[in-house]
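Chain IDs A, B, C and D follow the sequence of writing; residue 1 opens each chain.
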């Protein structure tokens, strides 16, 4: 049997990329699991967390945290929960109240757990109040209205909007702006990012959100995958450079990249 | 008659939703809850027809395609989710679904979203026009500097820091375009509703 | 995105410009309503230019010969009808007027109601016959599996049409059964489905594709157009208006363009005014800070 | 059985779908088609489960007379009416399509039209050029907004907006697209190999 009989020869570049990238991810996940120290740079946006929590403490007002609309299975929600842990630790240290309205009951349960553990970790389990992390409603705009209502009543000094957001993003950011809160946002939703960037003081953009969560949690699975992707990006950059150079020498490498 | 009456009902419900702009009120809330129920009812009928009747009972029992049976049984496992004690059974259905999707996603996404995009960024050696070449170099610089911006394995200092600062400028221009288009989309949806109220409604009232 | 926090947050000092910022938003709502309503009631008839992407989309449909087949996917729900219905209607009018045969479907459960209305209108205008000139396959769950499966067999993917007639009994589907038999695929969508048609139908099966998109999605698909993975596209209501002009038959897209222009101008004014207030406030806050420091010295 | 079983099933199915991309082998192609068909059935049933959960949620609210339970009556009523109408009159005529056309469609589209008002008010009250990046974003946004409508075309802004969309925007979207593409692929690889299990729910 000829190779063409059992293999699509024209898909060779895709096959090579799949094998190579797959190996990259597996190797780095294994390394991370074995505890090999893998470097990730500090994510600038996270430095603002301490400052923002400190400001709420000074003003004697609470912090508001929203993890977006998506269920727990989504990457952005998982990332948000990781960052929530960090925010809650700071809030515990500074004895600042943390309020979190939820759209998904499962996300709510997990968030309660995370906040309780964070308070306990900094020696302030007494601060934890499950009523501050509550369920609102499934409805998209119903949720937005509930969060806005909380902002108007409680006047939080700092708002965190971290997770996957949809069209309600600008309603939240605008209300927060009107109450004079510092706002820190982070989302992987491309169409909502512009609104957060213009209406919030600090915004984690797309992959920065994931990287930020990995930076904080050091979860080996996420860490390994992030490193694998990083190396892939470096290789793609090299490919771009080499391809461009060859193009100027009159060699067209584009057909080698498949399709 | 039913058509004209329908447009009148639609217009009243449109106004009930718009009333939220003044303030949250019972009309809005009632309309919103009605919408959730009616649309769920509409969807479930289509889901049932599409998934159960057309993709299952018709082919299996009328056209004799018995090999569809395992899919149906696997799908039914999903309903064990409703009870916490049996929820683990539904994992088989979810694992099947998610893994199948993952399997065919890998090569296609690597090719179409990564390799083909890289190929499209490398300048065409045959292109002679200086403007076209300059612009393809601009795109090259943009794509490369954004890849550097989202590279997390090295501190963004020195040359890397400078390149990533170029990347963020491209990102912002792109987000600006998204901003403009998003505003455009929202305005169009409002235009649609006003066309309904100003064009369709008077026409229907005239016929009543 | 590094930015000093302090710069974003001036102490709140009441100035005349700052008072502008506290205006009740319901006044803003009223102005927006007026900016859309008035041009609809009294049109300005501003001239409408066409973009290169829209001309490419038009050329793809124009290229088809009588008897050629097109797949048309209504990939949206009622929430974005305002932007997308005009595109769907114009495309089907164009296709039917050229004698192109249409295989329609939808990847959203909210789609059949929309598809039936628009197909019905376009088909009756051009006296097309169901089953011979066009078919409606209805909604199938799981878009990616649908897109991939259609490359192997449309009849297996849709054992019956939307109305329950076995697909094998529809004359049009007896002649064509996979992408290889189809000249052009059109998706009109409010989600990332244009991208997925490109990935599954385009990438794997080499199907030629054009897309009608909501404005929000259109901005994301420029990379696919540049590489040729997408042969043309329409973006938002403006895209619909351009296409209506290209086929010489004005519709809701063209009628909405004046309102679109005026509303955009109003929103730009809001952004500019809001920022003038913001910078004035920031400057007065800085001046107050300087004065306080002078006092201490 | 509770953990390993699903992961093992996922590995076999995922690998088959992956390998299939590269081989014209008939046997694999037929299994691939089977799996695609099953997947649609499974997905359709998952959607039905979603509606069942929604019903149960509102039903509980009514049964326990929770705050706002009367609104939940409307939801459950609307749901029951639509299903009843489809059974009694078939989905293609009578009250079922009528409700879609005149109740669901107008409300769904109006809900999103509200955003035109919100975006305008946020433009005035919240969208600030608070730093260089936001300033660049807003300027590009304003040019595109005006350049894509007849008013801006009349003053030649369409040329600048087309340039922004064709080059800087293209580069930005592509840069993000490549990164996200790698991320999606990495997740998919981890799922097939069973190292990523969060999607199976807690305790998996």
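One rule holds for everything that comes next: a residue touches a chain if its C-beta (ideal position, glycine included) is under 8 Å from a C-beta of that chain, and two chains touch if they have at least 3 such contacts.
Computed from a prediction, not measured in an experiment: that's the story for all the values here.
Engineer: With chain centres set to the mean of the C-alpha atoms, which chain is at the far end from chain B?
Structural biologist: Most distant chain from chain B: A.
Engineer: By count of C-beta pairs in contact, what is the leading chain pair?
Structural biologist: Counting C-beta pairs in contact for each chain pair, the top pair is B-D.
Engineer: Rounded to a whole Å, what is the gap between the Cα centroids of chain C and chain D?
Structural biologist: 15
Engineer: Just curious, how far off is chain C from chain B if you go by their C-alpha centres, in Å?
Structural biologist: 12
Engineer: Per the centroid of Cα atoms for each chain, what is the distance between chain B and chain D, given in Å?
Structural biologist: Computed value for the inter-centroid distance: 4 Å.
Engineer: When the C-alpha atoms of chain A and chain B are each averaged to a single point, how far apart are the two points in Å?
Structural biologist: 20
Engineer: Which chain C residues touch at least two other chains?
Structural biologist: Touching at least two other chains: 1, 3, 8, 29, 32, 36, 79-82, 109-110, 113, 140-141, 145, 148, 203-204, 216, 219-220, 223, 226, 235-236, 238, 260, 263-264, 267.
Engineer: Spell out, as numbers or ranges, the residues of chain B touching 2 or more other chains.
Structural biologist: Each of 20-21, 32, 36, 39, 42-43, 46-47, 49-51, 55, 100-101, 104-114, 116-121, 140, 143, 147, 150, 168, 171-172, 175-179, 181-184, 187, 189-190, 192-193 in chain B touches at least two other chains.
Engineer: Could you pull out the residues of chain A that touch at least 2 other chains?
Structural biologist: 11, 14-15, 18, 21-22, 141, 190-191, 194-195, 197-198, 201, 205-207, 233, 236, 259
Engineer: Which of the residues in chain B come into contact with chain D in the complex?
Structural biologist: 2, 5-7, 9-11, 13-14, 16-18, 20-21, 29-52, 55-56, 67-68, 70-72, 74-76, 78-79, 81-82, 87-88, 91-110, 113-114, 117-118, 120-121, 135, 138-143, 145-147, 149-150, 167-177, 179-184, 186-187, 189-190, 192-193, 196
Engineer: Can you list the residues on chain C that touch chain B in the complex?
Structural biologist: Of all residues in chain C, those touching chain B are 1, 26, 29, 32, 36-37, 40-41, 79-83, 85, 109-110, 112-113, 138-141, 144-145, 148, 158-160, 164, 166, 198-200, 202-204, 214-216, 218-220, 223, 226-227, 229, 235-238, 252, 255-256, 259-260, 263-264, 267.
Engineer: Which residues, counting only chain B, touch chain A once they are in their complex?
Structural biologist: Against chain A, the touching part of chain B is residues 20, 24, 32, 36, 106-107, 110-112, 114-116, 118-119, 121-126, 140, 143-144, 147-148, 150-156, 171-172, 175-176, 178-179, 182.
Engineer: Considering only the defined contacts, which chain A positions touch chain D in the complex?
Structural biologist: Listed in rising order, the residues of chain A that touch chain D are 5-8, 11, 14-15, 18, 21-22, 25-26, 29, 72-73, 75, 78, 138, 141, 167, 170-171, 173-174, 177-178, 188, 190, 194-195, 197-199, 201, 206-207, 210, 221, 225, 228-229, 232-233, 236.
Engineer: Under the stated contact criterion, what part of chain B meets chain C in this complex?
Structural biologist: 21-22, 39, 42-43, 46-47, 49-51, 54-55, 58-59, 63, 100-101, 104-105, 108-109, 111-113, 116-117, 119-120, 168, 177-178, 181-185, 187-195, 198
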